[in-house]
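Shared between the two complexes below is subunit A, which pairs with subunit B and subunit C, respectively.
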Partner chain A sequence: MNAPFAPNRISPLFDEQAPHAAKWTQVETMQTVASFGSADAARLPLAGIGDLSFRRRAGVKGPGAAAWLNALGIVTPERMNSWLRMDDGTLVLRLGNTEYLVEDAPGGSHAAQMNAAAPAHGVYPVPRYDAALVVAGRNALELTRQTCAFDFTTLSPAAQGLAMTSMVGVGVTAVAMESGGETYYRLWCDGTYGGYLWATLVEVASDLGGGAVGLESLGRLAQQ
Partner chain B sequence: MKLMTCPINGTRPISEFAYWGEIRPAPDADTCSDDQWAEYVFHRNGAPGVKKEWWCHTPSNTWFIAERDTEKDKVLRTFLHGDDK
Partner chain C sequence: MKRLPAMPDEWLDRSRTVRFRFEGRTFEGLSGDSIASALWAAGQRSQGRSFKYHRVRGILSAANHDVNVMLQDGPKLNTRGDVVAVREGMDLTAVNTFGGLANDKARHLNKLSRFLPVGFYYKAFHNKRLFPLWEKMFRRITGLGVVDFSTPHIRTQKRYDFCDVLVIGAGPSGLAAALSAAEAGASVVVCDENARAGGSGLFQLGADAARRQHTASLLQQVKSNPRIRLLEGTYAGAYYADRWVPLIDENRMTKMRAKSVILASGAYEQPSVFRNNDLPGIMNGSAMQRLIYRYAVKPCSTAVVLAANADGYRVALDLLAAGAAVAAVLDMRASVPASPLADALRAKGVEILGGHAVYEAHADGKGELAGVTACRIDGAGRVVSGSQRRISCDGVAMSTGWSPAANLLYQAGTRMRFDDLLQQFVPEQLPEGVFACGKVNGVFRLESRITDGQRAGLAAAANAGFEVSASITVPAETESPSHAWPVVAHPDGKNFVDFDEDLQVKDFENAVQEGYDNIELLKRFSTVGMGPSQGKHSNMTALRILARLTGKSPQQVGTTTARPFFHPVPLSHLAGRGFSPQRHSPLHGRHAAAGAVFMQAGAWERPEYYAVPGKSRIDCIREEARRVRTAVALIDVGTLGKLEIRGPQAAEFLNRVYTGRYDNMKVGATRYAVMCDDSGVLSDEGVVARIAEDVFYFTTTSSGAATVYRELSRLNIEWKLDCGLINLTGSYSAMNLAGPASRKVLAQLTDMDLSSAAFPYLAVRTGTVAGIPARMMRVGFVGEWGYEIHIPAEYGATLWDALMKAGESSGIGPFGVEAQRLLRLEKGHLIVSQDTDGLTNPFEVGMDWAVKLDKPFFTGKRSLQIVRKMPLKRKLVGFRLGENHSGEVPKECHLIIQDGDIAGRVTSISWSPHVGRFIGLAFVLPSMSESGTAFQIRLTDGSMVNAEVCDTPFFDPKDERQKEIE
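The block that comes next holds the complex of A and B.
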């Protein structure tokens, strides 16, 4: 492991990634794997698993949550279990009826703004220590079929639906997105289960010709 | 595969759900007799029939009520608390 800096945030996947990491970087003050090796670029088109836990995120729930977020300038999805991307790249997920997960684009400040603002009546902060993954490649759908009973084909990027389901026994929030005409998936789970989810998905992905992919090879997927 | 329908998240495998028992209104602890309280705490109705039960969709932590025929193990309907019309 080579970590020539002192980050103040650690990925929930660190313990699983550290033995395999070839190169580290620091993003949003979180130590993150830049590369797992020369195979990263070849894995991504097949079944690449990437770590986007470094993104800043915050959550709130309660009957006043939507109005409170709107007052902070955060647009909220109208439908339950759906998501939207704001003009500045911020992801806003509506989990069920009155819970919201806000994930900043790189350099964004909405999460910090939410954490600093006092909750209003009927607004309850939800601490988020998620492991955030991206699953991409032409075998990504097959990977979900081997690890989850939920049919990911029902998650079209255009419809912007969201599913909370169980993947290899871990509760995950899943959405489908699109980049360059290719569908890929974003997953969020409780960080304490992240290592197990990561290790299991990477193992299944390796059977499909893919595996762990560092930030350098994720390219646009890490920016969206 | 057994399926259950969450009122918020739709139909999912039963493995995504936790069963939390029959809905049993508690007697008023300040006014009920010891026998009534003991009945509530220690006794359960094991007779098969249509019962209302607490279930939870665990990935989303959505609590809801399922009306289930325990004799036929058939879920008749599911709804959120307060939506029992």
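The block that comes next holds the complex of A and C.
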């Protein structure tokens, strides 16, 4: 073997984004679009779609999952189909009864910790290489209305509910969050459907005055 | 001009004049006019031609389903003139004419009508030989409008929406329902097709301003209520399960989901039936009221009102208020009930004749109404001989009855009953969450409709979970709004029941005489209700006629099925923006960059082959296959289903779901796996790899991944074994590095021991490749030394690039699905669903070795035990064509013929560079499965191709390629 490798992570949305990207950046070893152009900032308040796939995440399921996560210092939501944000910014989603998705805040290490730890009895690791999106702007709700049969108004940020539904025909996990008094949505889907989801949402968003937004313009939305 | 002074609720913007063309002439209307009202205001009473006899027609209902006024508007055909607002610059023509409305060459069909009775085409044009000729002719002379195939693609949006209570119809009852529901706390959407809400509450006035005030007040409250969204110009096109209702507006369709749905859709006024009841100038009474109050158009100068209810009297009063003269009110009821309305008319000198009807209408030289002959009728509706009397008029208002707009109630599954007093079908049992109020509910008096709306609104809110305490009672109707027999016989016919299809009373008599005496049969034979208005103005009268002809009650006759959509919906709305999820492997971009020609494989797009400039498709595929056989090549197999089962009973689980045995596998080994369903049919296959004592990683076919995961998840819940199943299909990228040089290439990227001893054929190993954690299997689907490498999806492209770079000196290249199909065929490997079908068991395809019937249990075991004892019906064999075969090559699914009978079919076939012949797999009779047996394959054109059964694999039968190569 030749010199040691330092492999790059590739966003599941790379193929769709590459033709439109104006500027790239490296985040968490993943090449990510920093900017799609000067229109990014104007799109975000209307219907901005951003790629947060760079965040590290890991999943686990099984009857022993909650206890195993707790032993690793990861707090788990008490209610099924709900989420919480830990003090360090880590997002913990409870999918159904005994499955969890943990997404690190930038720089976080819980996912790596989960991947390294040996699973206990009744604990089944679920690798997560999702396409992870953020949908923001005052037309974000209308965007969901044109793409999903689920009523996103029932996902209030305060209630911290979670929906597993179908959007543009793609299975997604969705939550509503709040930033600066404005509601925005986070979506996760199987990465192999990510390109289609991204392209379709960007197309619909463009009808609503929005579109793809690079990491630089996402600002706090990329950090939360 | 017949424009009236401003009306309080008119839809017009009098400051804006709209110029448009109709049939080559220029007209002016006002902004807010419908096309029909603008034409009528300009004195243009002839606005269309009928479908069959090409008779001149004018406004009939002005109720958004007026088939008489259908227009071509540029590329838009069948524009409804009674509902579409006139726009500046429109260039309109009436549909269904040959040479224009005035000089329609087909108008002579009217004189041939006696030769064109109902169903004539069934009897006259059934000759098979001549049918194409007739078909061509009928397609030319029928059809409404002309399709312009160069019409630009219009992309329309679709959207979903949600509310607690959806109210369909914004007339008095709908508005009252919306307010009641909103006041109970519900979020309410109220929709109405009309450009402005208010419904009949703002035009059925009887010259009584107080009546409009009720509705105007309700409307004002609705508009100012924050819980209510009022959608004007929006109609509910259908009803689907779980209270899904598509709402159609000018631009798009909204799929509304409500917790409760209230039908306040009103009723369609029904034309009366008498000779020449279709002359321009004769219209429903409500149509005249719409013209007056919505468009400020005086419908006529002198009217005759044909009435059978209080509404007709109101029409007469409204006509008088609009400045028209009313020559007479002909009331079809035996006697005129005492009422203030009748008194008011008499006070204004209007003659009211009880027990009278219109015997026939008379046309002027243009074919428009010039007068009527009135007559007395007896209690059974028969004309009293000698009672005829001629009355000059240029307008007839027909107000003899209504039919409930209950289409969506029927679609929702409402049980309806015929109410003899009301002479109307009314809801008897409504489905859960569905409510009705107003005319559709059999409530006609204005005050009662408002009360009924309040009742329905509270009930709907309660159903949606809001606390409601009030209880409201609606007083019963005392007068029938509909006449039981609004039909006047005439020996010369032309008394139309269905204006869409030009159906006269005698057409129904003939149909029943021929045995079509059931409402569904009658509909299909006569085509009643099958035109653009879908029977909105004809079905009820047709039902009454059928009931009378068969001696049944309307309840016994019943109604036809109401199907979505009940109202015209532009195809562009239905098409809308479609969603067809495409699944791309993490390597998709790499394939595209390498010139891949993609093929659809389920939801996936996969490279069929990689195009090379100057080379044909087949040459590219053969070159890719040659590279695998002689050097090294890489294929994306990430579309395979990739599952993991983990836990103490993981092996037991696999033993149960696959036909083979997995509890005796060593860690680090792989084993082929066959899955059957309960009937023993081969349903999927793959490779099982034992990663640890309690961890198995296994693959499924690409197309079967989702189904297998779903079924295995179900079984895992049912069996309650101590193990968990994880779907890694989207999480892992996978690629197969295959060819004699594969080990040399891989060695550059990993520290793993790749020697045959350390990593033998059919072994699985974990390690890192290019710094990426990987699971690798030495499998040989294509028959070469190779490694199937599975890694986290986010590193897929990185590893692909690394392998391509490492293989440059070895001549590496990508290969696609077609090359892989050829290579596996040379090895005699089958593809489930290509070389098997929905009946194939493992014994038929030579997989006896993979079926362990000595296991205590596995899915399909019982069936396979039975099948095993029975003789095979067919067998999958290898075959090859003659050495120097030339000419057409058989295709997959071509039949194998023996002694004139079908003896099997080809499942796979391809040219094999290695064998130097066309080779394939085929199902044949067991008696034909011996190697060397000759048989024939029938091509599509019927010619035969010779072939012979041969042993498989065609290539490397002893797996020499998997042995140490250095």
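Here, the second predicted complex is superposed on the first by the 217 of 224 C-alpha atoms of A that agree within 3 Å, B and C clash if a C-alpha of one lies under 4 Å from a C-alpha of the other, contacts with A are read in each partner's own complex, and residues count from 1 in each chain.
Throughout what follows, a contact is a pair of C-beta atoms (placed from the backbone, for glycine too) under 8 Å apart; a residue touches a chain by one contact, two chains touch by 3 or more.
Remember, predicted model here, so these are calculated numbers, not experimental data.
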item	value
Greater residue coverage of subunit A in the superposed arrangement, subunit B or subunit C	C
First, second, both or neither for A:Asn81, with subunit B first and subunit C second	first
First (subunit B), second (subunit C), both or neither touched by A:Ala149	both
Partner chain in contact with A:Gly96 - subunit B first, subunit C second, else both or neither	first
Subunit B versus subunit C as contact partner of A:Gly73, first or second or both or neither	neither
Partner chain in contact with A:Val172 - subunit B first, subunit C second, else both or neither	first
Contacts of A:Met164 with subunit B and subunit C, given as first, second, both or neither	first
Those residues of subunit A which subunit B touches in one complex and subunit C touches in the other	149
Residue ranges of subunit C touching subunit A (in the complex, touch as defined)	157-162, 255, 257, 577, 579-586, 588-589, 592, 604, 638, 644, 646-648, 722, 724-726, 728-732, 747-751, 768, 770-772, 792-799, 802
Subunit A residues within the subunit C interface of the complex	1-2, 4-12, 14-15, 18, 30, 53, 61-62, 119, 121-122, 124-129, 142, 145-149, 151, 153, 168-170, 190-193, 195-197, 200, 204, 207
Subunit B contact footprint on subunit A (complex, rising order)	80-81, 95-97, 149-150, 163-166, 171-173
Subunit B residues touching subunit A - in the complex, by the definition given at the top	1, 8-9, 12-13, 15-16, 57-60, 62
